[in-house]
């Protein structure tokens, strides 16, 4: 009958569809969109080198990474905000934080008629996102950006609609430089935004800013670079206007590198240093300290080793910054803690 | 005439066929019962898994407007607002459009053309939501941002609904996209309701000197009004539950604003966006409770729609 | 209602009737606009890569959605495997075995289930499958889709079986056939056109669903390795690619949209043709 034909076809399809040998290590991971670009590159390259290893990484946001790790539906998570003690207490198996790469969160904008790189200060940035600065031709912009012709248009603010480590980095920075921001909005993966459109993931924010004239959003550097969108420089703690790139982000991590805590949970926003980019951050892979499947544990450890050595070479090409040597050395020791 | 042997065989055959019947009945009954089981499971899941927030907030959940996953303060109001506003907007556009088309298709168009056009319009209902979203994102949003909303702002900007910055994304755009998605339902069911109106009604009106339009608008349409209302409720139920098309254009901001240009959020959209990242029992439970609210809304509206449509068919068959 | 008033009434008549015509044109043209955009943008973007390659890392050009196409077929296939028999048999029950209390209840519940928003059905599948198995899986997605398919098939089956004339049933019974034999060999084949239509339309409807798959089947960058793993699907890929900032991903979203709508429309048109022309299914 009809049904037997259908079921036969289906069985045939299922036999054909995964076209390879049986000993596949399939690892599921989910989390931050901040490092998603380099993670996807890493997992793709690693798969090319080890055809039996497939790491399926879904970039659903740091909040999602932590949630799914807690629910046990993924083998490891990823987040740009270190897990809080409260979040860690909800897990039966303690997670280990492994910094994977350094990155910077940049203010990216799409303003009619403006092709130059703009300079932003803590005041202008917090003013935009809290809604006190509403138009692009506000004199405060002109002060920092002489010679730039701003249109007399409303500022379209774009932020994250999902739980985001990138949001944490951004709001952490604003909280440090603006006590008013700290009390009104605060710093977390999800905050009560006074105004603006919500985009899903770094991808969604970049996509929305790209499509919406006179808009501004915050994204990890690579998303602005890959989509050829303009992004501005930010005034750092030493008073210089710094644009995010490999060197300035590495500088931001210099102090932390020397004094890295054992659990690797640290914030490097508003770092001291003449050339430090003030909105930089580590991003972490959240690996359970105990992985019952021995083969999976071995695969994950193998990947981590690779990530801390060859993987770092991909950072520069994708606008991230590689980890400081001291941090790498410390992490290699932590790999042994995965049972 | 039947020898004992034949009588015996007939009796056996009767018993086996009776068993066959009983088995068939039981099997099909089991599958029919599974439908009830599935629905029961659904309601049970929604109810039990929303317990944390139901106990924490009670009915206040429906009237609170904060949505703060960090402090675990949840309120459904912004989402109910967004869902209701976009659906009403959708109906405001699709009801005149749909009813007008249904009138044309039932009163004016010759049967062949009417059937062909109805077939095409019903294809609109088959288009997946995510494709409406794809199109809306790349065509409707830029159009609204560049032309539509500024035009409304310049002409009707004194009204509170048309004030504020123009994003392209927002409640108005979501409403417009939803209207295209609800129109086929209204046309399809209204047309059936109008076609079911007995000829005598029209002919009587025309005999009294009414124009074609007068006969339609004053006699036929009121006669079919239950079916038409039913189609509207059906369209409304569809609009309330739409997820993908809405989440791609509504702006994803859990706020209540008077302006239709403002970004908003709907129940279905927030569940789609935030469920996979809901850490903690309370957050998850809040989203599931939203699902429960949506579920109840759609049951009520679908129920009303059904009653009305059934009432029309009963009325129409009374000749 | 006399005299000069007549000219006014006649003009109102002309205007309103033309307005209804305009509305109809608007409604129909929206379909053509939608198809037009998809064919134009999607057609330009369809290439061999789309059908054969896996997704590339973000920012790299040339990836495809091969795994999503196969994933969709798998998920919808399993959903059909579960949902079609259940709906079919339940429909037979409703039409052939009349039960005063039970049947109206089942009908009511089936209509209820039909109207439930797909995202809520996704929540059900999440709670039933993802949570206990602690894993996203194509199977969870299939179950969500099956739950949506069942009421559609049930009602269609019941409706078309009811339309089979009583005389056919009575003739079979008069010849000594038992009830189940009558159903199996006479009634069902007689109603098979409509039933088949319902099945095709139902499967077409669920193959375009994206919301119930978001947190059940999740997504996958690679070949999934079976229905018990997170599985990529076309509708979810369209969503994730459309909201991203990469031109190449937008291109692929259009292509996927064209493929998806092609499948859905072909299924719909085929179903209508089956119903209209009377192509009957050969008896089993």
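Per-chain residue numbering starts at 1, and chain names A, B and C are given in the order in which the chains are listed.
Here, contacts are C-beta pairs under 8 Å (C-beta built on N, C-alpha and C of every residue); 3 or more make two chains touch, one makes a residue touch a chain.
A quick note: this is a predicted structure, and the numbers were derived from the prediction, not measured.
Hopping across touching chains, the smallest step count from chain B to chain C is 1. Chain pair with the larger contact count among A-C and A-B is A-C, by C-beta pairs in contact. Separating the centre of chain B from that of chain C, both taken as means of CA atoms, is a distance of 16 Å.
Computed centre separation for the pair chain A/chain C is 37 angstrom, with centres defined by C-alpha atoms.
Averaged Cα coordinates give chain A a centre that lies 38 Å from the centre of chain B.
Multi-chain contact residues of chain B (touching two or more other chains): 276. Chain contacts: chain C has residues 85, 218, 243 touching two or more partner chains. Shared interface positions of chain A, defined as residues touching 2 or more other chains, are 199-200. The touching residues of chain B, counted against chain C in their complex, run 17-18, 20-21, 23-25, 27-29, 31-36, 38-39, 41-42, 45-46, 49, 96-98, 100-101, 103-105, 107-109, 117, 119-121, 123-124, 126-135, 137-139, 180, 183-184, 187, 209, 211-214, 217, 237, 240-244, 248, 268, 271-272, 275-276, 288, 291, 294-295, 298-299, 302-303, 306.
For chain A in complex with chain B, the residues that touch the partner chain are 30, 60-61, 63-68, 70, 87, 90, 154, 156, 161-163, 186, 188-193, 195-200, 208, 211-213.
Taken together, the chain B residues at the contact with chain A in this complex read 66, 68-70, 141-142, 145, 165-169, 251-253, 263, 265, 273-274, 276-280.
Of all residues in chain A, only 1-3, 6-7, 9-10, 13-14, 17-20, 24, 26, 28, 36-37, 40-41, 43-44, 47, 54, 56-58, 71-73, 199-201, 203-204, 206-207, 209-210, 222-223, 226-227, 229, 318 touch chain C in the complex they form.
Here chain C touches chain B in the complex through residues 1, 9-10, 12-13, 16-17, 19-24, 26-28, 30-31, 34, 37-38, 41, 85-86, 89-90, 92-94, 96-97, 102-103, 105-106, 109-113, 115-121, 123-124, 126-128, 147, 150-151, 154, 178-181, 183, 201, 204-205, 208-211, 214-215, 218, 235, 238-239, 242-243, 250, 253-254, 257, 260-261, 264-265, 268, 272, going by the rule given at the top.
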